[in-house]
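Two complexes, one shared chain (chain A), two partners (chain B, chain C).
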Partner chain A sequence: MHVRQVGDRAAVIDIKGDVTAASEPVLMSAYEQADRQGARRLVLNFRGLEYMNSGGIGMLVTFLIRANRQHQELAAFGLSAHYREIFELTRLDEAITIYDDERSALSDAAS
Partner chain B sequence: MTSIARPAPRRLASFAVPSVPGNERIALTQVAETVAGLGLSPARLDKLKTAVAEATMNAIEHGNDSRPELPVRVEVFQSGAEIIVTIADRGGRSDEGTPENSAEVPDLDRKLDGEQGPRGWGLFLIRHMVDAMAITTQGERHTVRLMMRIGSQDAGGGED
Partner chain C sequence: MTDHAGPPDTPPTERSPRDTGHPAEGDAAATPTRPLPRDAGSWASKVDRLTETRVGAPAANVVGRRLTGPVQGFGKMWRKTYRMNIGAGIAPGRAIATWKEHFAEFWPQTSTFEPSLTGISPGEVALLDVGIGGGARLSTGVFVLYADEVSFTLMTPQGHMFAGWITFSAERAPGSDAHRATQARPTVVQTEVLMRANDPLYELAMALGGHRKEDEFWVRTMTALAKYLGAPPVEVHTRMVCIDPRRQWGNAGAVWHNSMVRTALQAMAAPVTAIAHRRRRARRPRQPDGREPGR
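Moving on to the complex of A and B:
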C-alpha cells in the first residue's frame, strides 16, 4: 500500500491486492504514515483491490475506529459494484463516504 | 393428485483443500470455473464466490482449526435451475464458538462503540450473498450448503 499526501489535509492510501485480516499491519502502517503527515481526511483507493473478505471488513472497522478517535474523515473510491454492495450491506458506506473517482473524493475534501 | 418430480442433482465437481488459511481462494476459483457457462450473471457469480470463500474460510479456521491434515471438502451440484455448493469440515464435534452458532448479528454501530469486536462478518455475508443456505451436522461432519438459482436477479437473506 502506498500513501500519497494531497494538499495539507488529505492523504490517499492506494490499496493493492488483497484486503484480509493478514493485511492489517500494512494498512495500519499506512494509516500511521497518513496520520503523521497530519491528514484530516483519509481516502482509500480501492482501484487495485483484487479480493476482500470478512477479515478485511473487520480490519476496515478497526481502521474506522482509529480514524474516528482522531476525528478524521474517511472516504473511498474505486470500489467495484460487488464490493460497493458489501459496503452497503455492512453499512460501512454510512461511515466511509464512497465516491466514483479520486477527483470527486478530493474535491469534496477541499470544499 | 400429481407431484412434480425434482431432477436428481448432478454433481459437477468434488475436491478438497487442506485446512490452511488462504486456501479459500483455491475453493472459490475452482467453484467459479465449475459453474462458468451455467447462466449465472457476473454479479451473482461474484456473490457465490464470496459466499464460497467465506464458508471455506470458516471451515478451515473454525471447523478444522487450521490443521492442514484435515481437508475441507467442496462439492458442486446442479439441480434444475439451482446451483448447490456444499462445504464440509470435521468441526461437528465442537460447534461451540463457531461463527454460525453465534446469535449476535454484526452491527456496525455496536462495533464502532466497542460493544462488538470488529470481526464476525463471515456468516452475515454468506447469508446475504446466496439465495439459501443451510447448516447440518452429522457426527463430526459439519456441512454448509449454499444455493443459487440460475436466472434470478438478486440473492440474499435466504436460509433453509
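Moving on to the complex of A and C:
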C-alpha cells in the first residue's frame, strides 16, 4: 500500500491486491504514516483491489474506528460495482463515504 | 431467503452465490468496469431486509428485519477470538467443510440452529433459538454473508443480541521455512466475533454474564467440532479486545426490535393466541358432515 499526501489535510492510501485480515499490519502502517503527516481526511483508493474476503471487511471496520477516534474522516473511491455492493450489504457505506473518483473525494475534503 | 436486489422473478435459491458484479445501467462512467474478482461467488447478493425463511419455521423475529453490522449497534465494539489447534492431520478445507455441513450438531443442547435447505451458503438465512439462562430464550436468525472453502461469515439482523459478524475459519499455522520443509504445519481453527450489543438492554445483559455465556458457547461448539473431526483433545484459547469503548446512543431505539423481549412476549401471549384461534375456528359455519367450508 502506498500513501500520498494531498495538500495539508488529506492523504490517499492506494490499496493493491488482496484485502484480508492478514493485510491489517500493512494497512495500519499506512494509517500511521498518513497520521504522522497530519491528515484529517483519509481516502482509500480501491482501484487496485483484486480480492477481499470477510476478514478484509472486518479489518476495514477496525481501521474506521481507529480513524474516528482520532476525529479523522474516512472516504473511499475506485470501488467496482461488485465491491460497492459489498459495502452496501455490510452497511459499511453508512460510515465510509464512497465517491466515484479521487477528485470528488478530495474536493469534498477541501470544501 | 432474502429481499435481494436482483430481478424480482429470480428464485432466491438460484440467486446465491452472488452473480452480479457489473456496473448498474447508467453508472458506467462513474464505476470502474472490471472482470469479476475471484471472491465474487463467495459473497451474498445485496439484501435490504430479510423476507422469509424455510417453510414452516417460526420466523417472527426475522422477517422484515435489516441486517446489522458492527458499524451499527449500540454497545462497545468487541473483537472476540476463539482459537484451537487441531493438529496437522486435518486440512483446513476439511475442517470448514465439516463445520458447514454439521454446524447445528455442534451447538450446545440448550440451543437450536435451523439452516435453510441449502445449508451454509451465501445469502441463506438460518433460524436460531438460544437458551440465554434463567429459562429465557432468544429466537432470532442469522444471514450467511460470506462463504468460501476455508471460512464462512454470519451476519446478524435487528433484534439479535448483537450487531456484527461471526467468522469461522481454518488455516495452517505459520511456520519457518525449515519447519515447512520437514513437516506439515498444524491446522488452526478460529471463530472471530466482531460485534456491538444491539441495544441498551442487550448491553446490560452482556455485561451481566452475557459475554461469559457466549465464551462458553463457542468453546463448547469448537470442542465438539474437534471431537467430531477426530482431533486430539484441544484447548480453545479465548481473546477479547475492546475495539471501541464508546456507546452509540443514537442507536438506543433499536430496543424496539429486541428479540429477547419479543420472544418472552410471544411465549406469554401463546396461550391467549391459541384460545382466540380455537374460538375463531369454532365460530366458523360447518358443513353437514362437520367439515369446515372449503376443506
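What we mean here is this: the second predicted complex is superposed on the first by the 111 of 111 C-alpha atoms of A that agree within 3 Å, B and C clash if a C-alpha of one lies under 4 Å from a C-alpha of the other, contacts with A are read in each partner's own complex, and residues count from 1 in each chain.
Please note the rule applied: contacts are C-beta pairs under 8 Å (C-beta built on N, C-alpha and C of every residue); 3 or more make two chains touch, one makes a residue touch a chain.
For clarity, every value in this text was computed on a predicted model and none was experimentally measured.
*Asks:* Should the superposition on chain A be reported as showing a clash between chain B and chain C, or a fit?
*Replies:* Clash.
*Asks:* By the touch definition at the top of the document, which applies to A:Thr62: first (chain B), second (chain C), both, or neither?
*Replies:* Once the two structures are laid over each other on A, A:Thr62 reaches both partners.
*Asks:* Is A:Leu92 touching the first partner chain B, the second partner chain C, both, or neither of them?
*Replies:* In the superposed model, A:Leu92 contacts both chain B and chain C.
*Asks:* For A:Asp100, select first, second, both or neither according to whether it touches chain B, chain C, the two together, or no partner.
*Replies:* second
*Asks:* Of chain B and chain C, which one touches more of chain A's residues?
*Replies:* Greater contact footprint in residues on chain A: C.
*Asks:* Contacts for A:Arg84 in the overlay, against chain B (first) and chain C (second): which applies, first, second, both or neither?
*Replies:* second
*Asks:* Which one hits chain B, of these parts of chain C: 58-66, 130-138, 148-156 or 256-264?
*Replies:* 148-156
*Asks:* Looking at chain A, which of its residues have contacts with both chain B and chain C?
*Replies:* 51, 53-55, 57-58, 61-62, 64-65, 68, 80-82, 86, 89-92, 94-95
*Asks:* Which of the residues in chain A end up touching chain B in this complex?
*Replies:* 21-22, 51, 53-55, 57-59, 61-62, 64-65, 68, 80-82, 86, 89-92, 94-95
*Asks:* In the complex, go through chain B and note every residue touching chain A.
*Replies:* Residues in contact with chain A: 21, 24-25, 43, 46-47, 50, 53-54, 57, 106, 108, 111-112, 114, 117-122, 124-125, 128, 156.
*Asks:* Tell me, which parts of chain A touch chain C in their complex?
*Replies:* So the residues of chain A touching chain C come out as 47, 49-55, 57-58, 61-62, 64-65, 68-69, 78-86, 88-92, 94-95, 100-101.
*Asks:* Enumerate the contact residues on chain C facing chain A in the complex.
*Replies:* My answer: residues 5, 18, 20-24, 27, 30-34, 36-40, 42-47, 67-72, 77, 79, 145-146, 148, 151, 153, 155, 165, 167, 169, 192, 194, 243-244.
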